[in-house]
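Here the structure is laid out as structure tokens; the discussion comes afterwards.
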Amino acid sequence: MATLGDRTVIRKSDTGTGRTGVWLVGARGSVATTAVAGCAALAAGLHEPLGMITETAVFEGCRLPSIGSLVFGGHDIAEVSLCKRAEELVASGVLPHTLPGAIYRELAEADAAVRPGGPAPDDRRSDEELIADFAEDICAFVREKGLARAVVVNVASTEPILDPARKRLPVSALYAAAALRAGSPYVNFTPSTGLHHPALAEAAAASGLPYAGRDGKTGQTLLRSVLAPMFRQRALLVRAWSGTNLLGGGDGAVLAHPGAAAAKNAGKARVLADTLADVPDGRVHIDNVPALGDWKTAWDHVVFDGFLGTRMIMQALWQGCDSALAAPLVLDLARLTAAAHAAGLSGPLAELAFFFKDPEPGAPGGLADQWRALLAFAEQLRGAT
Amino acid sequence: MATLGDRTVIRKSDTGTGRTGVWLVGARGSVATTAVAGCAALAAGLHEPLGMITETAVFEGCRLPSIGSLVFGGHDIAEVSLCKRAEELVASGVLPHTLPGAIYRELAEADAAVRPGGPAPDDRRSDEELIADFAEDICAFVREKGLARAVVVNVASTEPILDPARKRLPVSALYAAAALRAGSPYVNFTPSTGLHHPALAEAAAASGLPYAGRDGKTGQTLLRSVLAPMFRQRALLVRAWSGTNLLGGGDGAVLAHPGAAAAKNAGKARVLADTLADVPDGRVHIDNVPALGDWKTAWDHVVFDGFLGTRMIMQALWQGCDSALAAPLVLDLARLTAAAHAAGLSGPLAELAFFFKDPEPGAPGGLADQWRALLAFAEQLRGAT
Amino acid sequence: MATLGDRTVIRKSDTGTGRTGVWLVGARGSVATTAVAGCAALAAGLHEPLGMITETAVFEGCRLPSIGSLVFGGHDIAEVSLCKRAEELVASGVLPHTLPGAIYRELAEADAAVRPGGPAPDDRRSDEELIADFAEDICAFVREKGLARAVVVNVASTEPILDPARKRLPVSALYAAAALRAGSPYVNFTPSTGLHHPALAEAAAASGLPYAGRDGKTGQTLLRSVLAPMFRQRALLVRAWSGTNLLGGGDGAVLAHPGAAAAKNAGKARVLADTLADVPDGRVHIDNVPALGDWKTAWDHVVFDGFLGTRMIMQALWQGCDSALAAPLVLDLARLTAAAHAAGLSGPLAELAFFFKDPEPGAPGGLADQWRALLAFAEQLRGAT
Amino acid sequence: MATLGDRTVIRKSDTGTGRTGVWLVGARGSVATTAVAGCAALAAGLHEPLGMITETAVFEGCRLPSIGSLVFGGHDIAEVSLCKRAEELVASGVLPHTLPGAIYRELAEADAAVRPGGPAPDDRRSDEELIADFAEDICAFVREKGLARAVVVNVASTEPILDPARKRLPVSALYAAAALRAGSPYVNFTPSTGLHHPALAEAAAASGLPYAGRDGKTGQTLLRSVLAPMFRQRALLVRAWSGTNLLGGGDGAVLAHPGAAAAKNAGKARVLADTLADVPDGRVHIDNVPALGDWKTAWDHVVFDGFLGTRMIMQALWQGCDSALAAPLVLDLARLTAAAHAAGLSGPLAELAFFFKDPEPGAPGGLADQWRALLAFAEQLRGAT
């Protein structure tokens, strides 16, 4: 990796035409910061676009908004600026330690477009008022930046599973409703409720907007989505599939909370249920290990039976950086839903199951089938005129 | 696993009509013994057909020879009987320790049909004479057992890579030539030369017989064939892929020999070359660890780069029993090539790449694409009338 | 492993003199069955005494009761006989599948000496009555078999941690009290309360009996007891030590219960607290994975800091059979406490910390120091006349 | 880790009295650079002295030269300066990316004291001339810096095992001979020959100097030195111990060379031979994986037999940074041999076996015994007046 000077980032088109907004719910978190910084670094030509599927040949001719045309803003309840977060991510090795000043200028620009999320504990606004305020924030962003459209992407911390008897909408659903009201395509990169709330079903259907979710598939579940079909296709009987995830950062602390872990694990379990003949035994643990920072170790242990019942074992160890795995997918999803919107597509984009742990109903569960669905989607975008 | 009494194995059809021969080169080895014993156990209904793809719904209606209709014979230079080998495999946990007497009777029947392989060091026969003798052994088997046909499957120990200047054919090629001469479909489950020898190309093309190979994909390479496409599809750059295999049994001793290891590793490397954009760094070691007996531990270590060059690591540990993984595939391949022959198909069956480390040229490298090719092949068999 | 014929087990001395009783609480469990069968197999010379420390040169001249002089009995609430349990352990690969009939005869003899444990749910006996009954069972065993003494060893399932406000003694403490009353040395191989109950402290002190515990150190904790001192001695700062245990058998089901897991984990944590400068972050999970049967996989993940704060990771994977690891230690402990009793030693045997996760107070925490204490104990036994 | 400003490094004593030279053979390599930079950082109070044993309570009162009193110089054939190497190590995460300018000033000072190593291919000097020149370099260093003494530490790349018929001394032996001639204590941190050459035995014995070696024990062998005694003490029979090391950096390329690997592996094997009853099966591989840079992954796979021959498996994965593990040990050894010299000790310091893969003959093989020998050595230093 060459040490790069303080190059000027390639200018985004001065006219608003064609510029696409990416409105991040959780705009000052690790994933958002990595996405914004990385987008600037790629636009400046400082790195190969590793981890980004939309920059591969597969999406050539698909009329996706260019990397350099993306403009960032979002909601957050955190006060720590994107620049400060980037410095922390440099220190923990998530971002390269040679991040030039031009990148920091892009981060500052995105940070200036962040609006307060909510609600704070003493907030008196009703759900309806919150939705209206959030939607207005998004509309103002589009207006002021002169954007063709803005895509809303939820990258906030995982919400605990809530008591279904609760009267008020979960916060993630408020933001999703705001996206609909602002006429924005919506992507839920987390296991939180978002658009999946029954109270939003009608509005979603009537909106004419495309949307996709949920819960980005970055590590352990990605692995499971190729390993489970392998066992199935080979007629090997998976008896137990156990897993432990160790992670630090903010995510570790949030996911160690039983409610959030339950939300996360539901998605992780789905891939096995969807791709194996029988759901195997086995639990998944998520432990907070602060010393790991933004890095994660995931251990998988699979007990399976082969010919004449011979018992065998496979184990996998995944040591990855969640923010670095998630950020390019967030950019991919923003570009793809923006293009879908431009092409007049609406409703759930099951073709994007490739990206998610818990995709839209009816989507295939194995990665290979999801990949083919994605190729077909690329073909569809290419054909749209 | 229930302890089963000495049940009578379901009788194979008394008339020869429809009975299919499986002629195993290396008929007294672990894989062959496990295949013969397992076939008898399945025919007797003692076990679920785990690990056998041809017993899944995918191949329903494909007119494959039934499990109970398979009849075994073969060549071997070893004198140890199949029954004795089975006892050893029971002791090492490859075969269940409750193998009823009826299974031993089937093993004895197969053992009686084994003919001496060769050539021994002092054998004076020419290549041509050896081919003729081997072919006559196969023909006699078909004749005496009243079989519809016999499929020849090479499950002998891996041959070292030979000096290309050598005048004589490698032994595996002699058996392959004998199969052609006997009018038998041919499957090469090992990395040895077999039908791949240039001197046999013309005869293979002229034979009108179907054939498939080579080198059954049972463990580490199976894993690689799903993991490598995953990295590729996610646009993650694999920098290095290293592996170590520890195994005992006869195989460990054979493969620890550099020539044989080279033959084996060529196949293992192919999957990465076929499915990744660039061939990564990294070596593969095969060590003989007698204490592991018929069990194998394979360790894979993958270094890959994600977004902005973030370096990450994945490791996989596979602890399997090679004979138990290979035997059902041998039965699958025998049934599939027999059905292909019956359906009038000829030439290389690239559609069977799913089973092999080093499939026929032009076959897809990733398991998912190989799976789809196999489904299409099943469709073709169903349609053949 | 040679296939052995039905050899006669070497006869234990016909006179009672010198015969030592081993009274197993949980006499029909996996550990007990393996200990009884294994003792018979060793006495018959069928196997090397692997895993038994008392059969090494270290204990030469220590006047331990010979392997052939041990006589087994015990309490259990289970009805399944030791022979039946042995068959199950043969099927799951814990006991060799060539267990000769003579071993089964020894198992049957031990089984005949098993008395009903308790209390059953409808049992009306007071704690005092139960202790008296249990003690009488032990005394009768000594009397009827004409034994020099009987050592009581608790190998029953782990008891959940109980409400301290509870009036009645935990069952494990009833058996411990019975041992004291019967004049028997006592070993607690489990994390259950046993002699550690405050109500028994005075009786234990007054008994003049030697005792040892608690919680046999067979796998993950054994590893930790050598790895943790290594980090400490090298001045490497352990930041987090996480672990997951997967196991089946009865133990998996019992330990998956939060109360029992808590009891187990307290012992596991102690080794880190005793040997590292600071207790690191990290949790330990125990999952029930029935498919693993009597086998266990334990994964340890250690994050540590080296020079200038460089973050590094060590992982360990332990795949063992708990019964096979525990049984020889149970025999070791029975012999050592019997010898201690014969030598007139009394009170807590901190010198046996080598065997335990949660040894007597004041015992060293690292395995190396425990080993030296054990060597000194051997010296003491040799010197006792 | 706090971001630290450009603090002034604590001044080393202005008078020469008490200042100790550390003359590094391979002075511009990763280990040397990390040692020099780290020593400066510790002297400046920027980090806790993790990984340094001589900074723990064990060595209190041992009259070791203080960290701030060490002065560096050495030989190298490389031209890349220590500052440039430090920048590379910052980029690869070995050194913290907040290395203040004062550290670079210390590196520059050490770099100015580096003299050309040799011999270059066209060097016409005899062995004797080379030794004389190297010795004069060391003496000049002591003289010009006004040092009490200089310790010579070999941290150069591993030398291949040489043809014993070769007339000339291996280069590592030339440097060792130069150390003797210059009156300097000598430490061999590598598997190269150094003082072990028979031609130097007499001079070493006559020198009255203390020396220690060889081959610093930083990762896989460190682990083996605690795990192997554990198996032995538990009477578990190790059947096979296999290992694979993946590493990049300069070391990976050097050690992938069969000659150098053989030298390295001899040391690695010794710990098993010294601590287990029987040397187990199993090979050790060292592979060059450039993508790993200065990081190493070591995999160990141990097959062992327990009670009644039950086969079990332990695996260990070590992911460390060799330079960060080695550098503090280099500082430890320099301080300890300097103190030994000051205390009038001479000859091989077997008490330092704790640090080495292949310690002086007669030294204990297990880490715990080596630790006790080190404690006794500390006591000896404390007592020396």
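Should a chain be cited, it is by its letter among A, B, C and D, assigned in written order, with residues numbered from 1 in that chain.
Throughout what follows, a contact is a pair of C-beta atoms (placed from the backbone, for glycine too) under 8 Å apart; a residue touches a chain by one contact, two chains touch by 3 or more.
In this text the structure is predicted, and so the values were computed from the model without any measurement.
Engineer: Farthest chain from chain A, comparing Cα centres?
Structural biologist: C
Engineer: Going by the touch criterion at the top, tell me which pair is linked by more C-beta contacts: B-D or A-D.
Structural biologist: By the number of C-beta pairs in contact, the winner is B-D.
Engineer: I'd like the Å distance between the centres of chain A and chain B, where a centre is the mean of that chain's Cα atoms.
Structural biologist: Whole-Å distance between the two chain centres: 43.
Engineer: Whole-Å distance, chain A centre to chain D centre, using C-alpha means?
Structural biologist: Once rounded, the distance between the two centres reads 47 Å.
Engineer: Pull out every residue in chain C that's touching 2 or more other chains.
Structural biologist: 1, 93, 305, 313, 315, 317, 319 - these are the residues of chain C that touch more than one other chain.
Engineer: Considering the complex alone, what residue numbers of chain B touch chain C?
Structural biologist: 1, 3, 90-91, 93, 97-98, 317, 319
Engineer: Along chain B, where are the residues that touch chain A in the complex?
Structural biologist: Against chain A, the touching part of chain B is residues 1, 34, 38, 41, 47-53, 55-56, 93-96, 222-223, 226-227, 229-230, 233-237, 305-310, 312-321, 324-325, 327-328, 354, 366-369, 371.
Engineer: Quick check: in the complex, which residue numbers of chain D touch chain B?
Structural biologist: Residue positions touching the partner: 239-240, 242, 244, 246, 281-283, 285, 287-292, 297, 299, 301, 303, 305, 311, 313, 315, 317, 319.
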